[in-house]
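Each of the two complexes below includes chain A, the first together with chain B, the second together with chain C.
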Partner chain A sequence: MSTMPLYEEAAGRRRAPLRRLVSGLEPYLYIAPSVVLIAVIMLVPLTIGLSYAFRDMQLINPFSGGFVGLEHFRTLWTDAAFWLSMRNTLVWTLASVVLQFAFGLVLALLLNNSFPGRGVIQALVFLPWAVPTFLSGLNWAWLFNPVVGPLPHWMAALGILPAPENILSDPHLAIWGPIVANVWWGIPFFAITLLAALQSIPQDIYEAAAIDGAGAWRRFIDITLPFLAPTIAITVMLRTIWIANFADLIIVMTNGGPADQTQIVSSYIFTQAFRRLDFGYASAIAMVLLGLLLAYSFVIILMRQSLLRR
Partner chain B sequence: MTSSARSTPYWILHYGLLALYVAFALFPLYWLLKVSVTPNNLLYSEGIRLWPSRSSLAHYTFVLAHSDFPLFFKNSLIVSGSTAATVTLIAALSGYAMSRFDFRGKMWLVGLMLITQMFPLVMLVAPIFKLFSPLGLTNSLTGLVIVYTAFNVPFATFLMQSFFDGIPKDLEEAAMIDGASRFRAFRQIILPLTLPGIAATLGFVFTAAWSELLFALMLVSKADASTFPVGLLSFVSKFSVDFGQMMAAGILALIPACLFFLLIQRYLVRGLTAGAVKG
Partner chain C sequence: MASIDIQGVGKSYGAVPVLHEVDLSIQDGEFVVLVGPSGCGKSTLLRMIAGLEGITRGDIRIAGRVVNELAPKDRDIAMVFQSYALYPHMTVRDNMSYSLKLRGTPSERMAQVVNAAAAKLGLESFLDRKPRTLSGGQRQRVAMGRSIVRKPKAFLFDEPLSNLDARLREQMRVEIKKLHRELGTTSIYVTHDQVEAMTLADRIVAMNAGAVQQVGTPLDLYERPTNLFVASFIGSPAINVLDGTLHGDGERRFVALGSGETMPVSDRIQGRDGQAVRVGVRPEDVQVSTRGEGDHTGQIELVEPMGLGTILHIRTVSSALKAFVLERAHYQIGTDVAFSLPAPKLHIFDAQTGQRLPDQAVSP
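Here is the complex of A and B:
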């Protein structure tokens, strides 16, 4: 407007870039607390932890802290307990993921119908997931204990065990104790995720297929599975990593024993840091675990890319 | 798939399988309850009976009156409550930014948050102890709240983002045309609409903090700052014969987690998909 006083026009011109600057900064103000917190509490310690892997860091020894190069990795290479924990990690992760997924899928399919009592049943079957992990571990440790638990007596009666003994103190069977606890605790996660994916499949596709005469099995193979595949791929990949890292149940139920037979890599790291207070060695093992998990994710991503291209 | 299309044998199988699974899911908790109300003199003689011939609440009164468990319970409540509140506040802000803004570095932020979900947190046990100890944050509830908040922010951000994504943008745009600042529109219009999402996030984070064991074990060595998991575990290793008392304490530890679970149960399927697909 021509009658607009000059100073106001100037102020308007000055305010515009300022406002643009503020509105450009706005998203960063919203994310700042998260970013600062993650950086300070996760990234900084991660970097420090990686440096420990090359240093002699023992909490009880004030003179430690010197640079030792690849010393820890050389020790690791000849550490039988570490190699055992690698093998146990494979058994633990594979058995837990496969069983959780299989039962979770069946449960999700069962819950994906409408039937009387569904709400109550859904709440009940998801309940184990709300149980704190340390408590699920203790609970199953008690169930396997012949003094207070029924499981050894039942397994002996069924002929699975020769006598009602605690499988957690049997070197060959002990790993299955935490696996059972993990499966019990983790089925609901898979069931919830898969159920949500099932509910997003448009119903008219099923109706059309039924009109075309496709049976229940055909509909499952041709409609349900392809729709679920992306969810299955992502969930299984993330859960595999998560379970490989998940040491709580083992720490609570067996503490890695008997004779390291249930020690997985992450519980071994914790044992080194917490019991022996050897932070240097613990960090070296952690670095190896991180490398393996990154390699695993990388392979999965490559596989996914090549599948998508086909 | 309409239910009427299914035959009777199908429904027998359907309910049968569900009944088996419900039994498997509930049995361990049932056993916990059973041993916690079994008097000591019946514990071994009636070891595998499904319900003791006589029940008593003696273990509960002992645990509540003569042990440190009320203190552990209070500590856990403080830690989990503060963590849940802080995380939800921070994640509401960052989740809103992820949902509404397009900004430089957004992909990096998503990548950063995804990575934090993948690397072994146990790696951080030693360095965090080293960092916190000179700051007086070991043996302190504040230290635990800080650590748990950082660990839970990424997942909570994805969760909140998915709830914000479900609210139409026109709402705050209309408010902003009427002269409200974006932050005011966010606070007064968007946040109240996201209450279910806020409840779900509070619930998830509370349960996660309530269960955390490894960092609590490492960072806390004194009883007066112990959370419930640490207290229960040290109780188990010290007095491992008092099964009745331990299980009574276990049942008590279950109560808050289950209450929260019942509250958020309705939002679970929606909330977890959003979180699981993205994070």
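Here is the complex of A and C:
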């Protein structure tokens, strides 16, 4: 019996390097399944997609596929339509986020008061969020169409438009069509999240402030806003990225037209890839958009951390 | 500092009345405690004085001025909440100076006042910390500091000590009392804890079911409770209540208990012969004797030693009662004891209405 442990020990010493290797690998083996999944589902397609940016990939040309280096990026640099879409992306994102946030906050503040029928109104307010974007795009396109929709006539009657025309076909105004639809569709997101944040503010803090001498405005500035700030930061960041990438409404309502006047970068990518079937060029634009959004997220994360450290 | 007058004040939520016709006059510098079980309307009354709840009927005057329609910020009162209601995103200093800032106080003056208040409450080393880093007692102090910095007309306390543990509660109670002696500001304090009420108050307002039951000094309420509710709410251990019938045979007045036992009562008690009554007797007024000296007998059922004294649970033929004794005699469970109920210490209430029977001296 006394020889048994000795034997085991000797065997252990002989296998030590292997055992050390296995125990070193152990944590990596545990996370391997998720790494493999992420690699197969995300990283591989992403790399292939990005590699298209450096190749001549045209679906209608069976002889394409060759390596072209930075050719697409040189074209992009001088592509007026791309720079226009960059500018439109800015207008589209900024206007949509600001208006969605403003209306969402007002709505959340209103819904935070109790009044008869609040439950029903709350449900109705959140309805647009449940409508598929494709449908809401079509709806708004019809609403802006003077033949079937009332909006151009109302706007003309109010003096906003000189004549009841379709703003979607006016190169200077067309971008505001999808923006209006996007605002209508996106308000509930801000309303829901901000309402939830508002409802988590303890009522007695407002009461204490009222007794301390704060009127409604000071209470909003000194209590409501500081409590909402973390929610505002995170929702605005998320929405900015989503909206910058969000081409559905534009594709449905204007298809980027008239004359590329409503083209944003993501809809321009869609147009290049699926209408002109130039996957190489579309990938190059996508790579630029990816870079820009990564930079934006990075800045936001830095800002958030400096806020947290304060 | 100011007096507060409450006249015929009532409150209803829709058709549901929660406060009936409250009349109360609080003098300048007085410390008044509203006490009662939860749901009795004491907090509602306090919030009506603060302006956080509307007034359905009647008038509330602060320093002679009707404030019914005045916003809380214009009433110049300060309130300490049960949850402290500190501003979590502001430092202790900012919490305390917020009301001064809103009034446009110059910053040197503000710093001076806040530092003085912090020194008084022992908060100097916490001024730059956020409330979440403080303990319950420290938060409570900040909430009080926030109130005292602006020298309001009155302090309102809404169960300020309920979230603290027993030891800390005792300590803060003393601090509140000291603070009141120093500042002399009119204070209204709401609590369901009768010990807090007894120890802090100049006058206690006992409330039940939306109505004031009795107003008086702590000892008034303790020694001459106006009805059964006040008698049983004030005092710990609680008063003993025995059912009986009042009898008077010319010279002597006595109460007959259900068991047939009788006990003499003060002949100044006004009441009909044969009136159903409930007799209240405080546990410390039950005179227990181990040597068999007493008018009644019973058996010790349970002994609760409290250090200061001992609570004895005595079972008699018809009822059970508690006695509080100070001597350290060793009482055994199951032993027979004799006890007597001294007539002047008995509180006699009408069994139907629960009101104290009048006991004016009969004119000779």
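Rule of thumb we're sticking to: the second predicted complex is superposed on the first by the 264 of 310 C-alpha atoms of A that agree within 3 Å, B and C clash if a C-alpha of one lies under 4 Å from a C-alpha of the other, contacts with A are read in each partner's own complex, and residues count from 1 in each chain.
Criterion: contacts are C-beta pairs under 8 Å (C-beta built on N, C-alpha and C of every residue); 3 or more make two chains touch, one makes a residue touch a chain.
Keep in mind that what you see is a predicted model, and the values were worked out from it rather than measured.
With chain A as the common reference, the superposed partners chain B and chain C fit together side by side. Judged by the touch definition given at the top, the superposed model places A:Pro226 against chain C, while chain B stays out of reach. Of the two partner chains placed by the overlay, only chain B lies in contact with A:Val44; chain C stays clear of it.
Of the two partner chains, chain B is the only one that A:Ile269 touches; chain C does not reach it. Using the contact criterion defined above for the overlaid structures, shared-chain residue A:Arg218 touches chain C, although it does not reach chain B.
By the touch criterion defined above, A:Ala208 lies against chain C but remains apart from chain B after alignment on the C-alpha atoms of chain A.
Touch counts on chain A: comparing chain C and chain B, the chain ahead is B. Legend: residue contacts after superposition of the two complexes on their common chain; A:Ala156 is shown touching neither chain B nor chain C. Least inter-chain distance for chain B and chain C in the combined superposition, rounded to the nearest angstrom, is 6, based on C-alpha atoms. Touching of chain A by both chain B and chain C, each in its own complex, is seen for residues 210. Considering their complex, residues 50-52, 71-73, 75, 77-79, 81, 83, 85-89, 98-99, 102-103, 146 of chain C touch chain A. Across the complex, chain A is touched by residues 1, 3, 5-6, 11, 14-15, 17-18, 21-22, 24-26, 28-29, 31-32, 35, 43-44, 47-48, 90-91, 93-94, 96-98, 101, 103, 106, 109, 112-113, 116-131, 146-147, 149-151, 153-154, 157, 182, 207, 210-211, 213-214, 217-218, 228-229, 232-233, 236, 243, 246-247, 250, 253-254, 257-258, 260-262, 265, 268-270, 272-273, 276-277 of chain B. Residues 202, 204-205, 207-215, 218, 222-223, 226-227 of chain A are the ones that touch chain C when the two sit in their complex.
Residues 26-28, 30-31, 33-35, 37-38, 40-42, 44-46, 48-49, 52, 57, 59, 103, 106-107, 110, 112-115, 121-136, 138-140, 142-143, 147-150, 153-154, 184, 187-189, 192-193, 195-197, 199-200, 203, 206, 210, 231, 234-235, 238, 241, 245, 247-248, 251-252, 266, 269-270, 273-274, 279, 282-283, 286-287, 289-290, 293, 297 of chain A are the ones touching chain B in the complex.
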